[in-house]
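In the two complexes below, chain A is the common chain; its partner is chain B in one and chain C in the other.
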Partner chain A sequence: MTATANPRVSRSPRLRLTRALRGVATPAALLIAPMVLLAFMVFWPLLQQIWISLTDARLTNPGGGSFVGLENFEALMAGTALPQVLANTLAYTLGSTGLALVMGTLAALVVNTRFRGHGFVKGVLASPWAIPPVAAASIWLWMFSESRGIFNRIIEGAGGEPVAWLTSEPWAMVSVILVTAWQFAPLVMLVTLSALKSVPDEVAEASRVDGASAVATFTWVVWPHILPTFRLLGILLVIESLRRWDIIAVMTGGGPVMSTSTIVVAIQRQAFQYQEVGMGAAYAMIGITLAVIFALAYLMVERRAEKRNGR
Partner chain B sequence: MSAHSPRRKRSPWTILVAIVLTAVVGFPIYWMLNTALSSQRVLYTEPQPLLPQLGNWEELADDLDGVPVVSMLSNSAIIAIGTTVLTILLATLCAYALSRYRFHGRGLVSFLLFSTQMVPQAVFLIPIYALFLGLGLVNNLWGLVLVNAAFALPVSTFIIKVGMDGIPYELEEAARVDNSPPLGTLTAVLLPLVLPSIAAAAVLAFFAGWGEFMYAATFVTGREMWPASVGLSVLAEQPSSSMPAIMTVATLFAAPAVVFFLLVQRHIVSGLTAGAVKG
Partner chain C sequence: MAQSVTKGVDMATRNPLQRAAAGTAAVGLAVALAACTSSEGATDDGEGETAAPVTLANSQWLDAARGDALWDSVAAYEETGRGTVERVEIPNSEIETRLTTELGSGAGPDVMFVQDTVFLNFVDAGFLAPLDSAVEGAELNATNEGGVIDGERLGVAWQRAPFGFMYNAAILEEAGVEVPTSVDELIAAVETIEANTDAIGFGDQTPLAGHGIWTQGIDTWTYGAGGAWATEDGELTIDSPENVAGFEAIKQMQDAGIFASDDFDTMRMMFAQGQVAMMSDHAGGALISSLEGVVDPADIGVAPNPMPNPGYHEQLYVVVNQNSENLDAALDFVSWLVSEEGQLSVRGASGADPLATDVPISDEYAAQYPWAEGFLEIGQTTTGRLIPGHEMQTSQIMQTMLENLQLVLSSDVTSEEALATVQAEAEALG
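Up next is the complex of A and B:
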């Protein structure tokens, strides 16, 4: 963030005082409405959440449980559910992010070349991002159908055994990761594509003329150029998959036997199906902690990159 | 930056990868359309034809009988448009304050926006439910608009702020010296110039509202209130639903978003990265 023009700095002394006043009053007036919304939807809920997580509240009266101290957290720590939920969250987050980054970069490299039907290919590759997650999940739900889905039909056609995609471990997790990555990859493609355009043509050309292979050119010339973008996309997708509920809810509902229950699935189920709002809030506090850890990691990586680039 | 400045010459490998990728990525979309046009009876008794069958309209109409398709789509539209309008209104004010003024608490505001963006909105499901229960906003489309707008606010603000940062301050100087009120300066001078950024932010906010599922599924109980995301998930969960009907609803739900996205795609990518970089 570089310094922008500053309205308070005025060369005319007569105007300085009014400017100074306006410098405080105006931004405050501008920020009232947005901050009120955030206060209602984020900050107050955060405080309320901390309180609820310390109570034994039920769904019928979420704010009215009685104080039980850290009992909810102790119960979570003592049970076997939490480690599994955390492991699932990690697998889902890293799996979707990793697969989307690889697929999206591959797509970007392809779309960055010239060929007939370029516009069509780019359009098709970009589309999944815009499909509402529930619609995407319902398409794949049908394709993964054990008895009549297209995947099992192909497998059976090739003489294989049908797979219970959504009702067996580890396939349920693999399936939801596939769908999530399918939806994320276009974002990676589009953003990487605009980063690829910043690679100077002559540099890549020179490297090729010097006899470097396509792989070497990519590794030594193109990759350093798109690395910052890649890092940014990585953190964006980690956060995005950390908050994803829709795809898992529609496809597996967190099952079979919790094997696709991420932290977000656990929060919703604990509070709105088991009606144990206090326990749900305890899960949510752990979710917030995870988000904070990711955010700090991101800030640290960015700081270090900025320092290295001497910005 | 033109979309048609591809750099490298094609090789047979790129063409092959392009074909395979397009087929793999595009297949689910094709399969959705193909299934929507199939007959449920055929799906149950014989292998699904690989080419769409055009002649099952009556059966499809029967299957969709009783599914509130129109109200589902219009509820989604209300949520999406409400979210977009509220988000853009607030994000523009916020971005203007952050881009043009140095004031005490500026860092704090940026930090609050950044943390809101980082936290998954699902973690606030419970307290917001408790809040809405008190305010009578459960089972209410405007409640969903408030939630969506709050969580779309940070990224929209950053996108618009980056747009404003790129515009020289001198342009507003004249208006300011004339003692035009700040909002006048904003609307008359700055807004027309940052319209592309605002459009990018608006598209993202629209998508957030159009497809939102978690809060809608948890808060909305009345059938006439279902947005398309909730209606489609309910339909998909019922064993009695016909697959062509489910896929038809999915198509109607997805098509406007996809078409819209492909039309504006070129303009929102730069905004997207800009917002993310500064976020």
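Up next is the complex of A and C:
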């Protein structure tokens, strides 16, 4: 028997070090690529954005503005537009997210049952998600037309007065929320449907055998199963709503009287229409802060849920 | 032998660095080949070098009905044998942002056709090449005055588009109304037309719609009331009684419910289809109706706006990119454009808009489109959109103006209060 016959005996400190390094190097190498990507695609532009918000840069020379400190933010705080823009943003974001969650969940519950034409109905309900937002907004623009739109035709047919859907408050905001929720709802439906499929049949069946009503079964059996998915959808739609510009731009342009001017509409107007990129970036920083607040709120809720579930 | 083995090694056995280098070389070669073969449209400049076509960027190339005709009128430059041109189409809604960002990065088309507000932004950023040598000898008219900045010519007029009061004479006759000359008459005429015909009386969209057309449309009524946003030396007069009267005229129309709910483009198309009796538009709209619509061009009339004073015009300039690698050819194109030959070519396609020189419309054109003379006449007295002394802030001031006008139309805020707010905000802009 030689010394080399036993591998444990032959393992030298150098070999152990090599193996240890390999154990660290592999995950590090795997992390480097996404970190580099994040640095170039997210952190660097974000730093640029912060810098531009502290300058008086104009669109004609975005990188050439002079440092003005917090002047852009002070101007925003001193003006009357920011409070209205923030209120509009919250109304639009929470309105469209809430409505989409309700519509999408109801649609998911419907298509989760078996009936004749189930596949066709599911396809129809999912289709708004596939329509480009500008095209969707253009279609709804005609439907909301005060003089010739189908909604006012129906209202007038029923003896009512036509509504200025897109040119009066609060109907303009209601209209853009409706269209945005209509676009988001299919995503909610499809994801919620997957969550519903994960509810064990025997648990739901046991609930029904025990005499629970449909509402009670949903509340005590189904809902806890789909709640994490619902929360995730909520934050995704909030972020998506905060970013949504196209539907508002096509339907109302932010009006009337700024009543549908959300933060992205304000950014576009300031940076591209007025060509004040520095001020536009200041608006963008406020938008990013809003998104971060919503994301943190979501993480807190998730953490509490995990603690409650003992995970 | 070892050497031949190295030479014969295939891609699979090369190390990653070698493969990357080989790939880069292949891509570089392909790009070079593509560059060599993409000289379509280029011309020989007579010195053995191939001159690239002059790129011409204009949103009007996309205009329904007249876009192709306008392009053909400038492409006639190629018939001189001096060079070639290439069409760059940019939608109207994007042209300002796209050109600004392209020029800001040192790129962009050689020649651009832009509105006066955009022109001034480009001047401020130093994007434009002087045109003095290119227009030497040309008989430029007064529409070019705004193109000279600090004694240097940086733009020449492409078109001036005065907004007039366009009407369908057949519908007015059917309804038994005359062309209105005041807001009261306009409201009465709309009511009569809508009571007696199937047409929509007035095609101007309500200012409560958030879209941009009314940031200009306000001028029709405030200028029409004798107002101005500033004196010639730049003192702001936004809250003047004349401008208040202009706001009140708009409010009177809003309260009477005569504004349309659909957007400008839709109403323009409906006018062309004989479904709208009257609307504010420029000669381009009349030409589109004549070429594409069902309305007999002889039935299209134009009158001054139903206000005591003249309204406003849009002004488009031709400018040359300072960073153009094709600068000489671009300047040569401009030189041809303002020549008698170029102006005659453009006149045939641009309808009745005043051009850079006083080139008259032909008798044939005037006979075919009776409205043409009317627009030419209106264009003699209209005022531009730029606010003297505050040219760079015009867009921002007019957006604030529109938002405050909307407040007047939808709340208890008075015209005086609204205009005082705009005056204060405009003064704060500096």
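Assume the second predicted complex is superposed on the first by the 270 of 311 C-alpha atoms of A that agree within 3 Å, B and C clash if a C-alpha of one lies under 4 Å from a C-alpha of the other, contacts with A are read in each partner's own complex, and residues count from 1 in each chain.
As a convention for this text, a residue touches a chain if its C-beta (ideal position, glycine included) is under 8 Å from a C-beta of that chain, and two chains touch if they have at least 3 such contacts.
Since this is a predicted model, take the numbers as computed values, not measurements.
In the model built by aligning both structures on chain A, chain B clashes with chain C.
Legend: residue contacts after superposition of the two complexes on their common chain; A:R148 is shown touching both chain B and chain C. Judged by the touch definition given at the top, the superposed model places A:D246 against chain B, while chain C stays out of reach.
In the overlay built on the shared chain, the residue A:Y274 is in contact with chain C alone; chain B does not reach it. When both complexes are overlaid on chain A, the residue A:P62 reaches chain B and chain C alike. In the overlay built on the shared chain, the residue A:L94 is in contact with neither chain B nor chain C. Look at A:S168: by the touch rule set out above, it reaches chain C but stays clear of chain B.
Applying the stated contact rule after C-alpha superposition, one finds that A:G254 touches chain C and leaves chain B untouched. Taken together, the two complexes place residues 62, 148, 272 of chain A in contact with chain B and also with chain C. Considering their complex, residues 96-97, 100-101, 103-104, 121-122, 124-125, 127, 200, 206, 208-212, 260-262, 395-396, 399, 402-403, 406-407, 410-411 of chain C touch chain A. By the touch rule above, chain B contacts chain A in their complex via residues 1, 3-11, 14-15, 17-18, 21-22, 25-26, 28-29, 31-32, 35, 43-44, 47-48, 86, 89-91, 93-94, 96-97, 99-104, 106, 109, 112-131, 133-134, 146-147, 149-151, 153, 157, 165, 168-170, 176, 182, 207, 210-211, 213-214, 217-218, 228-229, 232-233, 236-237, 243, 246-247, 250-251, 253-254, 257-258, 260-262, 265, 269-270, 272-273, 276-278. Residues of chain A that touch chain B in their complex: 1-2, 4-8, 22-24, 26-28, 30-31, 33-35, 37-38, 40-46, 48-49, 52, 62-63, 103, 106-107, 109-115, 118, 120-143, 148, 150, 153, 182, 185, 187, 190-191, 193-197, 199, 201, 204, 214, 229, 232, 236, 239, 242-243, 245-246, 249-250, 264, 267-268, 271-272, 277, 280-281, 284-285, 287-288, 291-292, 294-295, 298. Residues 58-62, 145-148, 164, 166-169, 172, 252-258, 260, 269, 272-275 of chain A are the ones touching chain C in the complex.
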